[in-house]
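One chain, chain A, links the two complexes that follow: it is found with chain B in the first and with chain C in the second.
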Partner chain A sequence: MSRAVALWIALVVVLAPDGVAAQDARQIVQEVQKRSNVRSQRYEGVLQVFNAKGKVSDKRWVLERIGSYGSSKMILRFTVPAEVKGVALLVVNHTDRASDQWMWTPSIERDRRIAFQDRSQRFFGTDFSFEDLEERDVDQFDYSILGDETIDGESCWKIQSVPRQAKSSQYTRSIVWVRKATYTFAQLDSYIKEQVVRRLDYRDMANVQGVWTARRLEMSDLRTGSRTRLTLEQLQYNVPMKDEDFTLQALRRQS
Partner chain B sequence: MTLRHSVVLATTLLKLVDARPAAAQSVTHRGLVEARVTLFPQRAANDTQRAIADLLAREEVFIRATSWFRLSSGVEARGNSYNQVDRSWRTRFDDRTVRRPALAMRRLSAAISRGGLALDVGKQFIRWGKVDIVTPTDRFAPRDYMAVIDNDFLAVRGARLAYAKGGDTIELVVVPWFTPSRVPLLDQRWTVVPDGVSITDATPPESWPGSTQTGARYSHVGAGYEYAVAFFNGFNHLPNVQIGVPPGPSLPQPPAGITVLMSPVSRPLALVRTYSRMRMYGGDVALPTRWVTLKGEAAFFATSTPGTDEFVLFVAQAERQMGEWLLIGGYAGSVVTRAGGTATFAPDRGTTRSFIGRASYTIDSTRSAAVEGALRQTGDGVYLKGELSRSSGTHWRTTVAGALIRGEPDDFLGQFRRNSHLSLTFRYSF
Partner chain C sequence: MMLLRLISWPYFRKHIVRSLLTIAGIVLGVAVFVGMHTANQGVLFAFNSTVDRIAGKTELQVTAGETGFDEAVLESVQSASTVRVAVPVIEATVDSQIAGQGNLLVLGTDMTGDRSLRDYDLEDADEAIIDDPLVFLAQPDSIMLAKEFAEKNDLAVNDTVTLGTVLGPRAFTVRGIMRSSGLTSAFGGNLAIMDIYAAQHMFGRGRTFDRIDLATRDGASIEKAQEELRQLLGPGFQIDAPAGRGRQFEAMTASYSIMINISSLFALFIGMFIIYNSFAIAVTQRRSEIGILRALGATGGQVRGLFLLESAVTGLIGSLGGVLLGLVMARGIAASIGGVMKDVYGVAQRADEVATDPALLALSLIIGIGTSLVAAFIPARQAARVDPVQALQKGKYQVLSVGESRLRALAAAAFVITSILCLTAASSRVAFYVGYALAILAALLLGPLLAQWLGRALRPVLKWMRPVEGALAADSLIQTPRRTSASVAALMLSLALVTAFAGMARASYDSILDWTTTTLNPDLFVSPSPEIVSRTLRFPGPMGETLAALPGIARVQKVRNARILFNGAPVMIVAVEIGSVAEMAPSPPIEGDATEMYRLAAAGEGVMISDNLAKLHGLHAGQVLTIPAPHGLISLPIVGVVLDYSDQQGSILVDRTVYERYWRDDSINLFRVYLTPDASPADAKAAILQRFASERQVFVFTNRELRDYILRITDQWFGLTTVQIAVAVFVAILGIVNTLTVSIIDRRRELGVLKAVGGLRGQIRRTIWMEAVSIGTLGLILGFALGALNLYYILQIVEHDIAGMRLEYVFPVTTMVALVPTILAAAFVASLWPAESAVRGSLVEALEYE
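Coming up: the complex of A and B.
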């Protein structure tokens, strides 16, 4: 995005908060990414998995991310439960194609590449799939505004995103609700053909180091009735990190 | 390097970095206590024991002293109801004992990383290759084969230097101290002998190859593909088996891949294990396609040890995720390029010329099931392992497993046809 366009968006946001309807869907999503753009991120995630009958498991991971949207890298390491402690996932995002992902399993001291066709797999018994853990760069989708709706009392744009040909995705399309006040996601529905299969809710918004952040994410698998709540603890942005800690070699290091 | 020397080295290194800010340090650990009961429905010719109980306690600690220095350590304590664990409580560092050590240093290594460079020194796990079940290029990964088809990896003592830049990685490995794979006990069911034959281990103590083993591997990760080429120069961690013939009628040599010859002679035989020189040239590739991930791995093994086979091992397999299923299927092959004639204990070669497969299914967030098997192309041997596992809370896991082994007595897998078994495992992880 050119500096001129960014400046234009900034002016629109500051001077004409009610005039954003003039923006197109793509600009809105770009603005969401711009406002959440950080050099790095670290948090401890608490995962609670609920099936249709109630809570069945708790998990925790530590997530570290470096880089900007679309070209970021992320390592996620499980810390709880004890039997999966040390299991780790490296995600290398690309602006022009699907991410590369590798999973490290300490019990066999080996990494395994997660192939394209495996991205729809549930990630370690949660309701997140591997694909849900990759970043969705704005240039990999086509957008259109479907209208305005209110989510939890907040006015939102309802935007449809369809993956472009180059993007390999399990989802046919997604509909995202963006809060007008803060340019943050409120809800994301992911479709396979005409059926909503997963819903991600963004809740407990807080301004952390100048970035509006959902500290509670809840992913529902609408086919099975199960859901996973991810709570972000000890969230920090712009923590000093090195590129060399986001490689396959680093993935294999135990820590 | 002795255990004492290793501990002193590790302590010294820790002291050297102790002055670093506490914020840069982190200590993590993981451990488990596991109790297992294994039941064998059938008696073996040399073994009437039908139930074996195992107890394992393991604790591993990882210290990140600075952003560039880490220590990894792990200890294990074992107990067993059937004399499969050494009775000495001396802490073992070398993993060379015939029986599993009662107390062992599972790993102890220091790692330094700067930029794309990483150096690991000490007792560590080094895994090469990409395929499953049979892994031809995985030469620094000896295993505990005491229960042949239920095996576990052993660490090696040495240094590993890796340099990564972009998608390219070069690894250099030096292992001055040899670690053999642990073989089945001679008086138990995984050493197959006919009725009336007994075997004694006549291998001279501490008769390990003395030379340093080395290896190099170059790997490349591309957009949608990965490959590696590897070279190894050292010794086979699987032994050649020489059976001493007492005065009397001579015995024929057993074929390659057979643990011990079935002998008509009803007097003790003396068995000597030796480890042949080995030079490996190999490579592996992984190619994700739209429908499956194709993986291949192959290696040629040359030797200068007289009487030892030279051969090629290769594996081609496909992986596919389908919903909660992970399916792996393929073929493992071997070709002897120069027959040596000496018998070997070679589960890797013994599982080749087979169709191999593995299927795992995630039932829900607490339960999973898996099946793994190998079927010889001749139909002369097959094993099928299955397990059903369930976690309770954040610490407990219960696993029910079974193995079915069938085949002809002259087949590597088939010879264990009386060793089908069931097991129940309780694990507490912390």
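Coming up: the complex of A and C.
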């Protein structure tokens, strides 16, 4: 299963379950992607990192995204705290390979490419990794249904995804729980070898402009005991946006 | 062992002063050897240790000499199938701006990936910074300090520290303090980490990286990764393990090591002669003792063994003392070498830890004992050959037999002939060094004979000065050539060393002065660093145009120089506007036609090379030089060989257009500024400083200041040599004291008789003084003669093996003239105590002696 599907930025969406007869794992995941498909989206994110000792650090950003799932582009700009204001990240997803990512630092007016080798690193101190920001096409994984389980009282399919190219991901495999009622993700566990290292919970579901969306995503690093909560505010779908605003030149220009 | 206790120990106790002086000879010889080598190793160790500690888990490093390379190379390296992680690095050594703290090594890294190779274990920091590099990356004034540096300077998180950057002194905020570890102890703990892109900005590196550190994928061998990267990047890049940098540093400092080795060898040689002297005298003095031993049944072998054992014990004690003294000296010498490395080679490092190398210490003991044994071998052999009957008779045995003199003369002649033959085999360096060694040996073999002849020649002069004392002094020299000659030999060797080094220094100064006069004729030099040889900071290329637009400035030449690897050796590439140089400071070529040379080089159709590079690499005009560069292999003909002392390892001069094309780097190390005829250097300097005051750090040197700077660093290079010379002279003086002490003891009866027949104290004193000054005179004459020869060899070594510099042979008359009163005064002072001892001794005891 694509971690991209699980991605918090993808803002898992669900359309009405009517008429869907997704019986195998791949079809279920495809259906999740299909129901979350929007032309564009924009939101203000509140990021709270709780370390193992319980200390919280806050950041805010504005995220804009354009394009269909797996080949979308997004720019994320930090707005708070003042020390990081203007720092931005451009992610360009590709259906057939890992995404390209660049970071922009306004104080020195420099962009830097986030190398593929660094995608397993933590995303600026959060419990997400750079890889977790990617959207990956359904064809990059093999899926299998492990059974049915209940999460928070809701019946879910338990689906395992394994990357087809082992070196393309830091994770050996992932297990995702998909709510049967809304075709939305409820939980995603990511494994390195046999150890589950990260858990992403999708909470506070709401129907925004016809798209079922988790408005609170919580990523836990099960090795360190820390967790990161992302709260989506002022979420809008299908906002008018231009493709040319999602390039490296635009990243430099707009800051 | 029993013989040692029963026979040697009482003799040692009876002649304790002389024995200690003998030991002192070895102590100093070994101390110089240990001190020099430990310091040299310490400096290399410090460099390698910094490289190792910074390398972390790095398995390979991609470099293009010192020039750095375009950022885009990183993606190519990261795309290699054998590479697991590759991270860019910039290293800059900057002024910490804290009194007494010197430089700080700033490592610019990409924090997002670098933790895969290096562990930044933070001890103290804002919680956010520990886990979140975002603030660190977002603020270019962010810096992390090694705990060692922070503690030394009482710095805490959120404090600021000011560092010299290309933009001028800038305040950096301490965002984290790294826990003590291997990494933080690099560069003596004076280490800081900052974001690589901020480092590019602060140190004027444009969009280049200094190097890429990488680790290979599991299952991919280092060799396979090297091969893949070589294919991927081309020949302009070096892909080596971190230790490779140490090897380059070692190659760069090889010339210094050669000089150190020569000095150490001389110091040991001088020490050897002091031991030889002492043992030769001891054998003479102990003839009756040896006779008794032989009469009691001791074999010649046992007697020889006894003396050799004594010498081994002497050597051991002296070596142990030498090792201890050497280790004490090493720290000071290491600081001096470190200064030379920084100021002459532009490679900063800190030799705070002068580690003791057990192998070196063991070698020192072996050398000390070995030297002692070699020195005592001839006296021991003579002792073994003593006839018991003759030995029990009293008499003098210091004379050289006719047969021995002839044998020495023959051996010396054979050595001289072989040495000359070796010189004719110019192509073989081994033959050259064998010839050098044989020439020195021949001089040493001839030493006693020459000392005797010179003593005879000196006798009338001494007698004319003081009929009684002069004659006695001269006779003492003539009749005891073995005793005298060892001291004279020690002095001769010291002076030969002094002559050669002084001559080399003089010739180097003259050549460098000539070069600066011919080539370095701009009115002003504008540098981003107070140390012109430092290449850490650079100016952006377009600054040249801003500079040229200032009032009073007629012309600006942009200079970019950096060390690259050529044929495996670090050499300097100097990129200048050749056309402009041809107009303003044409240098007559040693090879090639001046007009064609400048025309072709300016058009980018050829390169000029320095004379020393040509010498060291056997290159000539007309040959095609292939230089690996990051953006291709440069194959250009050598259009001329010129005198250029930009670098000891040699330099390649190319037009800036060639450099910019193949390195894609327009940064500048130095601007050469020519003023209009009516402009004053002081006003222009002030105008430049004012223009850039708010933008960047600028240092402006006038022509006079630059010349003084060059001569200062030349002085620094020879600074250690001066210390070596001082030690050599000191050892030689020690030899004179030794000889005179022995002379007094040896002549106690003679002096006693002199006193008994009415010799005045003053006469005895003057006799000894005159003898001492005569030894000094003999040493001076022979030392200058051997020095003249030694200077020739040293200049050859400098030309062919050290710096490729064609130095003119000029005997250093001034230094030598200054040495005459120094040595004579030293000899006189050395004789004061022995003279007093002689006049104050008991007459009865003296007459009973022997």
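Details
As a working rule, the second predicted complex is superposed on the first by the 228 of 255 C-alpha atoms of A that agree within 3 Å, B and C clash if a C-alpha of one lies under 4 Å from a C-alpha of the other, contacts with A are read in each partner's own complex, and residues count from 1 in each chain.
To be clear about the criterion, a residue touches a chain if its C-beta (ideal position, glycine included) is under 8 Å from a C-beta of that chain, and two chains touch if they have at least 3 such contacts.
As the structure is a computational prediction, the values presented were derived from the model and not from experiment.
Once both complexes are superposed on chain A, the partners chain B and chain C clash. In the superposed model, more residues of chain A are touched by B than by the other of chain B and chain C. By the touch criterion defined above, A:Arg97 reaches chain B but does not reach chain C.
In the superposition on chain A, contact is made by A:Leu248 with chain B only, not with chain C.
Of the two partner chains placed around the shared chain by superposition, chain C is the only one that A:Thr105 touches, whereas chain B remains out of contact.
Of the two partner chains placed around the shared chain by superposition, chain B and chain C are both touched by A:Arg122. Of the two partner chains, neither chain B nor chain C is touched by A:Tyr191. Touch criterion not met for A:Trp212: it reaches neither chain B nor chain C.
Under the contact criterion defined above, the residues of chain A that touch both chain B in one complex and chain C in the other are 49, 51, 57, 81, 83, 86, 106, 108, 110, 113, 115-118, 121-122, 125-126, 226. Residue ranges on chain A touching chain B, taken from their complex, read 49, 51, 56-58, 79-83, 85-86, 97, 100, 106, 108-110, 113, 115-118, 120-122, 125-126, 226, 242, 244-245, 247-250, 253-255.
Chain contact summary for the complex, chain C toward chain A: residues 74-75, 78, 83-86, 110, 112-113, 115-116, 127-128, 131-135, 137-140, 197-198, 200-201.
Within the complex formed with chain C, the residues of chain A that make contact are 49, 51, 55, 57, 59, 78, 81, 83-84, 86-87, 103, 105-108, 110, 112-118, 121-122, 124-126, 130, 226.
Chain contact summary for the complex, chain B toward chain A: residues 26, 28, 30-32, 60, 62, 64, 67, 70, 72, 111, 113, 115-116, 118, 125, 127, 153, 162, 164, 169, 221, 223-224, 226, 286, 288, 290-293, 319-321, 323-324, 326, 362, 364-366, 391, 393-395, 397, 427, 429-430.
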